[in-house]
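First chain A sits with chain B, and in the next complex the same chain sits with chain C.
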Partner chain A sequence: MATRAASEVYKKKLLDRFSDALIDSIAGFMNKIRPGWKVRNQARVDEWKLMFYAFNRSPLGIAGAILVLAFLLLAIIGPWVAPLSYDTSLALCNQQAYLAPPKTTVTIPGGCEALGVKPGNYTLYLGGDSFGRDLGSRMLFGARTSFVVMIFVLLVGPWIGIGLGLISGYFGGSTDELIMRTTDIFLVFPGLILAIAFSAVLPSRISGFLASHHYVSLFFLHLFSLKIQHEGSLASLLSVIIALWIVWWPGYARLVRGMVLSEKENTYVEAARALGIPSRSILVRHIMPNISGPILVYLSLDSGGVILTEAGLSFLGVGAVPPIADWGRIIYDGSQYFPNAWWLIFFPGLAIFLTVLGFNLLGDVLRDVLDPRTRRSIEFKLKKEIEVGEEQ
Partner chain B sequence: MAELRRFLIRRFLTFIPTLIGVTFIVYLIAAVVPANPARLWAGGQKANPQVIAMLVKEYHLNDPFYVQYYYFMKGFLENSMVSPVTGYKVWYEVKTYMPVTIQLTLISFVFILLIGIPLGIISALKKDTWIDATIRVVALVGVSVPIFWLAYLLIFLFFTKLGWITLSGTPTPPYSITGIPLIDSILKLDWHTQWEIIKRYWLPGIILAYPGIGVIARLVRNSFLDALGADFVDYVDARGLPKSQRYRHVLKNAMVPIITVLGLQFGGLLAGAPITETIFGLPGIGRFMLTSIYSFDYLSLMGGVFIIALIYMTVNLIVDILYALIDPRVRY
Partner chain C sequence: MRCKDPIIVVKDLYVYFYTYAGIVQAINSVSLEICRGETYCLVGETGCGKSVTSKALTRLIKPPGRIEKGEIYYYPEPGKKIDIRKLSEEELRELRGYEISYIFQDPSTSLDPLYTLGYQVAETMAFHKVVHNIKDGIRKAVVVLKNAMMPDAETRVKAYPHELSGGLKQRGAIGISLANQPRLLIADEPTTALDVTIQAQIMDFLRKLKEKEGLTLLLITHNMGLVAEMCDTVAVMYAGEIVEEAPVEILFKNPMHPYTKGLLKAVPVHVGKKVTLQSIPGTVPNLIFPPPGCRFHPRCSYKFDPCDKKRPPMIEVEENHKVACWLYEKKG
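Then we have the complex of A and B:
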């Protein structure tokens, strides 16, 4: 028993084999680019496998992962598989498409090629909006908008906070005082209020910037899958991203500072300091890996939070501007036709809800899986089951 | 008590630098605004150049930022800041919009207290049963659901189908004591107005409160379970005290983290106010901010952001004081 690696003790399920294969291939890859990596990091690899075993045994976590992966997939391939573009108004060719209820089939006669629509029958599975645009297609483009905004917000905002929190917690003294007082000031503003104000005033500045930096604008046009003639609307999305950077760092600064304060009392930090390792290296290579679990959990929970906030801003009319397809904006535009055209509110809202729910489920289960204390209890239960099984 | 007084003095002193910092951020909003909003204020492309020049001078638009900051803050402090779009004093407008937001957040806050805390306690007492599981799902949905979507679903149910809610007008009683109808009507024992207000506000209130209810229910559950597992509970039991005594001790210990998060939830309610007010057509401060944005009235927007930050700061101050009163450990 004792000689077996921890990861071999479990009765393996199909998902476990899958996650094992995934981790082994990552380990193999690391070993290829850095020879000897696998031997040095065997314990770490085993730990990862164990985390996945715990995760694989949590139905809620799997449900969350499926929701997140499904919407991520839609965000990636959505704009390519959408039957119609986000700005194709069928109503210009056939009045039937105007606020068409779900599953309406609209016949487009010839002569509409200028709009980019070939003649034929189009079924609007989720209905049409007040321009006769296909709601289903627009929602596929909307998934792209949500996810790109979310990723860009989380790539910068929290990391400003994490960096400041590391510095503040580790060095203490007047640096700490300065950073924390600044954080306090930002935390005095309820998040959405500041986001509303900044995403309202930023666009004109950003369109000025985009006009002189054409390649930036092209890059984002491709990411958001927007047509070149809608370049003018891009500034609204970028200002949402920047506004959310301003809002999304203070929480992380406070969280990370607290964790660093308790972490730096540990002997391993003292040992590293005694060896003369520079502070930067201690922070990044020694402290950071030890606090990355909770940070990952917060990032997962905040992915949902950012999507929710972005949709909220668009719903208030200070986020995405027409003709950008955005879940919040579709609801805002559709609310004028409520309750008759219920589908314009129901489907986009459901998409937001399910995406955010997915991230929240994932974050909740990650919290249990990444926290060694709760994970041990899951592992303990599993081991007991197996031992009972072996005795019989 | 001496250390309590010292704690309070220190806490009040930190209020001042924070307030100054808040004015910087509020000013930042104006600093980001494109170079010259005067043309927009004066009426767009065909604006009279003389009017534009006047506005530029009046609002110090061409002055360096520190001069601008000085005049803006002086304007706000002396209540001499006039909105260039509406022609009213900014604080006057804030004062007319404020009561609605305060009523809405108070009603939501009561919902959080009355629903969130009991749900959490039930969940803790019935740990690992289907009741616990249901409450946890309700809480999870609360933090995941976009409240504007939920609002439309519930309007459809309660307004279109059942007719249980009024969706127009805001009841204003003829008398005014505090300026907030909800509190005035309680003070005057005017149950008719009270009922009108509740009929108008209960649905927006509960929708705004829902995410907070979820957060509080989960937190109460966890801190209640933590407190139930503490050593002092065994001690209380060993002394042979009745069950009610036991729960009194548990509740008092569990309340400590809950009060902080209740304070944070107040910020969440203020943040959610613009969305709820927009959907339900309530003329509150969030609505005021948004109309200011649509009309490029950045000074009113600054006023709105400023007042919300002030309210939240005050709430945090109250929370810290309560905290020090309940838990002697934080006074240090």
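Then we have the complex of A and C:
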């Protein structure tokens, strides 16, 4: 029998065609900028397609991916499509907006231009808060806040841990002891408590730094989509990010150290040493790529964790300060009007829940898909399905 | 001195492993000398310290192992002496893979699964500054792999390890080791994981390579057939000690140490009438508590008085034939 490409063996579903098209277009693009890429990397492209087939057959994974994509989409375009700004207090013009239940239509008469609101009817689909601000709009801005915090935390925190874990696992001995005992010290404190401590102390220093580095604060103002007059609140958000860096690395250091310990026993690491490859290159080029699968899964699972912790910090009053829109902060502010104004807690709570659920589902399924051993079993199941299908 | 022009000289080497169970005395006073251009074989059963000896030559011993004592000299050219034990980590790194190269037992794990063969060949060349960068190296890798008898080297350069068979992988691994034209090649059971036909091909290739490039080969094996076919000089190791060393014809014709005799009797003979294979009674001793005196004496059928008390010295019984056994101690 002629060998067929693995991608031809399976019966394709609609999603498979979509993912195939996506991968093919990426491959086509790579081929254009580097001629011959496609031929050289055919095996890799086929493997990617298989990963997507396995992924496409997991309803939970698709649900997770949809939730995550929805969150990312809202976080990116949210501030632009929000009907009202995060700090527009309609209650100043029309008392009706005060704790308005969902789907209330508020009429704004002329003469309120100072608020930046044109006269007309505004429907508060998710209700209004105690300042008459539109909850829906604030949640869109809040998605951006969570997203930016998540990205910045994950860009640095885990990598401190990954770097230390690589060094600790590979070199062993006293280096290992020193790094791991330090990690233990950090793990002794509950992460949230430590983060509270840091984010309570840091803001004053950060605001000093921001005052002298105006371009930095402008950059973050745009990222968080905040108005320039709220520059002073930026320090509290940045201190949350830095506090989370400090508490986020120990888990990664342990995880990576463990993986390096088992990976470095492979002969190819010894062979690389015997061939005179420097330790740094062995770590970066050989060990790191070989353990990247589990790290990716852990990062994905952790994205939800960062959002949850950040919301938790804001809820406890050490994160975002008013009037910044933040899911945790909205719940905190709304809690005093519960249960009469239930929407102030329900909708942001639901948003946090769905986002974290999405990241966890995605991470779980990614683990199955990225791990070749479990992926093979999914493929095997697929093959069975096809054989049964062909017999009929 | 056995050789006029040695390439490596090891004197009185001790390697210990500090484990939780105790100190494993893996290598105990090993001395050897490899002449330039010869094939030197280390034979012995599993766990006798062959691989540890070979790794100690470039200080590849990892913690908890440690070189306790001994001298290791490397002669890149006749008369030029380098003390391996005094080199810095960086100088050693430059030596490994450039002057002294290794081939490992299992080719399926000695290649990084994530990189193409060409990349892995290119990497060692780039780090030893034989080529300017990886890209140049990949271009040169075709030639290197062709020299390593890789069929269809142009396409194999782009192949990942999982796309190659065991034999091809080992050829690739050999290609990587030979990329920088080392002077000494240490082959640690290079054919154990391969099937017989490929074994023959690889061995044939190594022999041809030796003739062509004039490289020195240290072959580690437990296959006596291979020893007879390939080697010039054989050293038999037992429990971390060299018990007998001789040119290959002499060793097979006239084995002297009881362990060597036992080892040779345990080799199946393919022709002639059926003879029951003999095994050496007992097992390899625990090296945390090695037997006193001669380490072989608990299994030795010739055991007599001094064996369990004093360690036998290396005795030169005839020219180039040395044996560590009390049986051959000159009387008087």
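Simple rule for what comes next: the second predicted complex is superposed on the first by the 379 of 392 C-alpha atoms of A that agree within 3 Å, B and C clash if a C-alpha of one lies under 4 Å from a C-alpha of the other, contacts with A are read in each partner's own complex, and residues count from 1 in each chain.
Please note the rule applied: a contact is a pair of C-beta atoms (placed from the backbone, for glycine too) under 8 Å apart; a residue touches a chain by one contact, two chains touch by 3 or more.
Please read these numbers as outputs of a predicted model, since none were measured by experiment.
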{"item": "Simultaneous placement of chain C and chain B on chain A, clash or fit", "value": "fit"}
{"item": "Which of chain B and chain C A:74 touches, first, second, both or neither", "value": "neither"}
{"item": "First, second, both or neither for A:40, with chain B first and chain C second", "value": "second"}
{"item": "Which partner, chain B or chain C, touches more chain A residues", "value": "B"}
{"item": "Chain B versus chain C as contact partner of A:266, first or second or both or neither", "value": "second"}
{"item": "First (chain B), second (chain C), both or neither touched by A:99", "value": "neither"}
{"item": "Touched partner set for A:277, first chain B, second chain C, both or neither", "value": "second"}
{"item": "Chain B versus chain C as contact partner of A:164, first or second or both or neither", "value": "neither"}
{"item": "First, second, both or neither for A:241, with chain B first and chain C second", "value": "neither"}
{"item": "Partner chain in contact with A:317 - chain B first, chain C second, else both or neither", "value": "first"}
{"item": "Partner chain(s) touched by A:172 [first = chain B, second = chain C, both, neither]", "value": "second"}
{"item": "Minimum distance between Cα atoms of chain B and chain C in the superposition (Å)", "value": "7"}
{"item": "Chain A partner contacts - residues on chain B that touch it in the complex", "value": "17-18, 21-22, 24-25, 29, 32-34, 140-141, 143-150, 152-153, 155-156, 160, 267-268, 270-272, 274-275, 278-279, 289-290, 293-294, 298, 301-302, 305, 308-309, 312-313, 316"}
{"item": "Parts of chain A lying in touch with chain B, wherever the complex brings them together", "value": "181-182, 184-186, 188-194, 196-198, 200-202, 204-205, 208, 304, 308, 311-312, 315-318, 328, 331, 335, 338-339, 342, 345-346, 348-350, 352-353, 356-357, 360-361, 364"}
{"item": "Of all residues in chain A, those that touch chain C in their complex", "value": "40, 43, 172-173, 266-268, 270-278, 281, 285-286, 289-290"}
{"item": "Interfacial residue positions of chain C with respect to chain A in the complex", "value": "55, 58, 60, 63, 93-98, 101-102, 104-106, 109-114, 116, 123-124, 127-128, 158, 160, 163, 173, 176-177"}
